[in-house]
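To start, the structure under review is shown below, and the notes come after it.
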Amino acid sequence: MKKILDSVADAGLSLWRSTQGRRDSGEKKRIVFLCGKLYSNKGEALGTALAREVVDEYSILSDDDKVVFFQHLVDEYSVDKELIVESFKSYAGNTDINSLASLRKAIESPRMNLFHRINLAPEGTKTLIGMRDDLAQYLKPNPDFKLIDEDLKNQLISWFNRGFLTIQSIDWKTPAHILEKLIAYEAVHKMGGWDDLRRRLEVDRRCFAFFHPALPDEPLIFVEVALTNGLAPAIQPLLEKKEKYSNVENENTAIFYSISNCQSGLRGISFGNFLIKQVVLEIKSELPQIKNFATLSPIPGFKKWLDIEMADTDSQITLTEKLVVAKLGDVFDHNLMHEDEDFHRIMMKLCSQYLYLAKKDNLPLDPVARFHLGNGASIEKINWCGDTSENGFKQSASMLVNYSYNLKTVESNHEEFVNNDKISVSKEILKIIKN
Amino acid sequence: MKKILDSVADAGLSLWRSTQGRRDSGEKKRIVFLCGKLYSNKGEALGTALAREVVDEYSILSDDDKVVFFQHLVDEYSVDKELIVESFKSYAGNTDINSLASLRKAIESPRMNLFHRINLAPEGTKTLIGMRDDLAQYLKPNPDFKLIDEDLKNQLISWFNRGFLTIQSIDWKTPAHILEKLIAYEAVHKMGGWDDLRRRLEVDRRCFAFFHPALPDEPLIFVEVALTNGLAPAIQPLLEKKEKYSNVENENTAIFYSISNCQSGLRGISFGNFLIKQVVLEIKSELPQIKNFATLSPIPGFKKWLDIEMADTDSQITLTEKLVVAKLGDVFDHNLMHEDEDFHRIMMKLCSQYLYLAKKDNLPLDPVARFHLGNGASIEKINWCGDTSENGFKQSASMLVNYSYNLKTVESNHEEFVNNDKISVSKEILKIIKN
Amino acid sequence: MKKILDSVADAGLSLWRSTQGRRDSGEKKRIVFLCGKLYSNKGEALGTALAREVVDEYSILSDDDKVVFFQHLVDEYSVDKELIVESFKSYAGNTDINSLASLRKAIESPRMNLFHRINLAPEGTKTLIGMRDDLAQYLKPNPDFKLIDEDLKNQLISWFNRGFLTIQSIDWKTPAHILEKLIAYEAVHKMGGWDDLRRRLEVDRRCFAFFHPALPDEPLIFVEVALTNGLAPAIQPLLEKKEKYSNVENENTAIFYSISNCQSGLRGISFGNFLIKQVVLEIKSELPQIKNFATLSPIPGFKKWLDIEMADTDSQITLTEKLVVAKLGDVFDHNLMHEDEDFHRIMMKLCSQYLYLAKKDNLPLDPVARFHLGNGASIEKINWCGDTSENGFKQSASMLVNYSYNLKTVESNHEEFVNNDKISVSKEILKIIKN
Amino acid sequence: MKKILDSVADAGLSLWRSTQGRRDSGEKKRIVFLCGKLYSNKGEALGTALAREVVDEYSILSDDDKVVFFQHLVDEYSVDKELIVESFKSYAGNTDINSLASLRKAIESPRMNLFHRINLAPEGTKTLIGMRDDLAQYLKPNPDFKLIDEDLKNQLISWFNRGFLTIQSIDWKTPAHILEKLIAYEAVHKMGGWDDLRRRLEVDRRCFAFFHPALPDEPLIFVEVALTNGLAPAIQPLLEKKEKYSNVENENTAIFYSISNCQSGLRGISFGNFLIKQVVLEIKSELPQIKNFATLSPIPGFKKWLDIEMADTDSQITLTEKLVVAKLGDVFDHNLMHEDEDFHRIMMKLCSQYLYLAKKDNLPLDPVARFHLGNGASIEKINWCGDTSENGFKQSASMLVNYSYNLKTVESNHEEFVNNDKISVSKEILKIIKN
């Protein structure tokens, strides 16, 4: 059995191409003409040929063309209010299955149907994701485009259901065109190039990504894992190259030190929770000696929060503390960080407070904390000088945090978090806060 | 890069399983309990574990359990009419994007959300298709279940969009567990077993199927093709085994002699049009010498129509004709079919009339004709004694028809068919009708 | 990276074909001409094209042509005695590396070089194996052909070194064209067709084969394994179909019940020892609960030996025993086998003696015993009525034997067998012999 | 069907390991002990376990250990002269097949048998290639080691027969661990890293390599091809990165601009001829519009030859010419190369003479010329300033040459070259020489 490459069949494709496009489209944009044809029943006879033309056409639109096209999608493919009103009346009078179906149909925008048909093309899904990516920059000046964004997002959520994703382990035997994307998409701890990447794929590391069958060459999200002995307290040692990498027989801990989304056209559609939990299973299956699973995470909102608190006269930070904290300048100061015990103690306390107590709408203020705690993880340990990079200093005064994923408590943690706004936290952190 | 088999990871899965099921469910069916948990936000913490449990649980339900479960899906996961009314009012007052989104949300049944979550499991999609298959037998006594069927169908149409299907060529190198399904699913000309199958995969044949990534071991639809010199007029010679099969350098025609849907849970979701057109492209790409593409199709409604016409005193069939047609008995009569020219002539004419003129709601009465003509094909030729099997005799007095797929006319044929109810037909057939 | 199919490139091949073949070959057989050209340096310029022509040409030779061709290989491609004598003299005078190399060259027949060049073609290895297969029937009337057979065998032994073989597990997902070969090649317990095969690939069975990269579609040897609880005493129950096959969590024993060589052109080149030992490793790796490994083997020489002993007045079989054994007729007699205890006891004893004591050239007389005991296995248990088929009755009075492969003793057993002619045997068997 | 990874099975391997090694080996090197055991019949019982131990042991030998080990292979595994003499006498008396076989056996060194057995291990072939690589540095001080080198070379020639190699196309989708080897092994025009490599794998390039099934991760030889319009005259433009790479619909020429052997342990075993001719077929099959095939090759011996001729008072280079050539300094001089027409004319003439007329043992003096002309190629064109790199200047005064591979003349060119020492050359070159 052979999976046929669509490219092979393309040889014969031109025979199917609709021939009227350029001729008939006159003043109108060709893509508008093609979409109209695709949306109408005329397109069916051509199999996927017309959808391919729309995809090709979209790929060569200029920025201005795109705005015109998006406006057309708003003007011509939105719901018909009168039809909705009428369908509702009918439903209100008789709530049978048919009137419900009619109402449902009335409320689904014709755009959705158009998107379904564009998706017939081999690169259809990719084009729709690209469209949503493109849309992002036009949403502000064109609030109406939000209608398109909503439709696309709803559709993509359904199509990118976890059940359709495959998890793949990435290593040095992975094809280069995939690896190159890891270098490009890494969002937490940037890679300088192939050497940096290679170090992250050595025998003491693991890397996993989700893929969707319609985008076999595009990772959706990936996570980088270091296998260590005990909790890793700092990122720079993990990223350093070594002469030789030892194998992992003696390691007992998997550290998730970077997790990056790859497709901005899928923004707002969450894969991270599923990926982390699947990776825990994968690693347990490959390496039964690994008992602990934890992140080594940035605390991106800490410094900003601290600045606000420092300026706030009502802040709970005491004046004495403020005086000490004020030493923190604009650059990493080795003496201060490593020798000033007072400074160390107070900063650790404030960071713990930030993670555990700072809230917005009853949820943790820090976005990374919100994500992991929402997944059922626990705040395990705060690491002083965990990230001595410029960015690390600016985000969180060089601190990092380990969130632990304990298989036995993840469900109850999650429920407590969701139902009772309770955060799971280690005794060590609690002690720091109370001091 | 390695695609990880979910089965491998299952080793560690039990650790994630929710433990409260049996205990808490009390009198209620366990699957009801699990679905409730899965639907609620509690399920998220467990990744896909809870969805797997629902899938496992469904697989062991008895028939009675299924009815209870389906009733539960109707009672507890249907739309809330009051919420719809309220949302509509809000929308009617202010048709902004948010009110529209709220109305849309109100009108989508909670079942859809539950189905999305069941689909998280590795066998989730298969389970949902199986559910729809199971539903079929309960729809009559439980008309409410149509609500579930509708939801499932809508969801599956979206997920089984052509853009997500892959076409695969099937041959004697295909894994046995796939081939075995071809034997089971062949619906037009039954296969007796592996020998029959092998003949249909010899060097002078082609076979193609659509697969969906979530069901890699299950063909959705497949088509069997014979490569011949000129239009094949009869099915039995095509199915006969030979000493030796010659290669296809000298053939100029591809005959689609059987097309079968495989998944009854996907009934009403159409793949055939796309498959035929894709296969035309595949064959043109592999074998440029193939110039003609046509089916060799049954005429399943002809005999029944003939019986009705014969009994109808207002029928356009003349009395003289009726006297001749009356010779047609209950079994194939060699003399009659092969030596009675009058009988031959009249039957050919009536069959041509049936295909070309007999309509229902302005569409061809014959379902196979409706399908191919709707795709843009043309009625090319009627074949006397094309199918001498018992079934062939009973359906269509042993006649078969070739519908031709001409690349250059398929679009215009389709448009004429859809817009003007016009059927494309060869001059030969027209001449038979007029005689 | 894409592995290129040679067939694709064949499109352009004709450009390279030597064009002089038919023209120059005159009266001589074309294959003779082509081999001459291939052997000479002229062939090099054409890459593999000339070798392909030889392969094609051989494939259409008649039986008579083959004899002529083989005779040509003897007459024209054998060693040159004078060259050997000369080279030896030179070596005897001065045993340096060059004179040794010259002698070695002189003693290698030009045929070997020709075979190397035929092997350049994609189907070259297969053709050479086929040649050796063909040769078998001509060896008796043409003893000279033994020279060709020897050369081919020596070459194939080197090319089919275990290091180049891959072991593959065969199951119901294996491509049909491979499975079909299992049906054809099964030599111990015949399969009636696909149903029989399927039973042997159910969840309670394993099957492994060796493949060589140059023959990806041809198993070289395969072994069928049943997973059981304790030693399986009989073959028919293992081959029977069941309603349902349970999985193997509770099984503790792997029974090798059939092992078949597939390529008669590789006769005399032994793979079985390596296969069995590799399969033990594979099964231990997949199923750690399997602790015992044993065969369920035929005793093909027992009945014949018994007949000779019965007729031999000097036989160690006593007259009393002979009288009982004489009851054994020409067909399986249920009463005799199942109710006559005397008969049972004496036959078991004689069979044990046959396996343990009957020798030829100090090796076990029974060929299957010779194979397994030579591998380091042990005679574990003799099974009365283990094979009630007609063949089983004729070979061994329906008895079968388990040879056990114990990982800890296989090396010492082998050494005792090779160095001291000692056979490893269970206490149970020894007791039967002594009684 | 699943190909089993040997690594998986290794889990159970330790059970088979011979346990006596360390204990019994006493003073002797362990590898000597293991080889002795492997060579003796004792090894058979362990399947491939003992061979794996030898492979492991070899991998940790120090340089000194290797010398000891190689000496041991010479002392203990060489042919037995007396046995050869005896066998020869027996053969001389009676030249039957058995005496010939005995003589052949006597003349094959026991080392060969040992190598066969080492090859049983999964990494066996790789180890033997590594051994021959290691040997290279010890051959001078230990001329006896040439015996080992000869045995290994003979064995590897047989195992690396073209029929066992697969050609694979290399592109940016190739796994990184293979691509990394291209960077390392490129021998003609060095790559600085991944960016250089990527440029050589763009849409206007092709790259092909031979692989052997026993070394799936190691290319044996690879060739880099540029698709161009007409003969490419210079290498630097081919290696330059561009903003955008256009596809190759309009190109008509394939330029082989770099060909590199990868395995020094396979030195002296030639793959280049086969690879070039196979790649011609591959490209013709993929891109029928490509009509011309030529190299862009270095002329590595030109400058050296010129220096000798310049110093030679009997040289055919005239005094006038010498005066002009003398301008050629130690570095590339733009004015000289681009504006001194006299210099240009004379150098072109001398280079043409060098390629066409300079011989050694009747073969072209230049090694690259020898290779391509021996393959049946033709000297097509000499390119002034074709390689302006430092190395290009030093080797050949910055000139490069195109050898053309014309499908229709390659066989006759080859025969003329081999039989009559004739070189195929373009009229243009001849004209330059005559001027």
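Order of writing sets the chain letters: A, B, C and D. Residues in each chain are counted from 1.
The criterion applied here is as follows: contacts are C-beta pairs under 8 Å (C-beta built on N, C-alpha and C of every residue); 3 or more make two chains touch, one makes a residue touch a chain.
Note that the coordinates shown come from a computational prediction; the quantities given were computed from them, not determined experimentally.
Between subunit A and subunit C, the least number of touch steps comes to 2. Across the two interfaces under comparison, B-C and A-B, the one joined by more C-beta contacts turns out to be A-B.
For the pair subunit A and subunit B, the distance between C-alpha centroids works out to 37 Å. Averaged C-alpha coordinates put the centre of subunit B at 48 Å from the centre of subunit C.
Of all residues in subunit C, those that touch two or more other chains are 1, 173-175. All chain pairs in contact, by the document's touch criterion: A-B, A-D, B-C, C-D. On the subunit B side of its complex with subunit A, the touching residues are 1-4, 8-9, 11-13, 15-16, 18, 41-42, 44-48, 51, 79, 81, 84-85, 88, 91-92, 95, 97, 100-101, 103-104, 107-108, 116, 119-122, 124-125, 146-147, 150, 155, 158-159, 161-164, 166-171, 173-175, 178, 213-214, 273-274, 277-278, 280-282, 284-285, 375-376, 407-408, 410-411, 413-415, 418.
Contact residues on subunit D toward subunit A in their complex (touch as defined above): 172-177, 179-180, 193-194.
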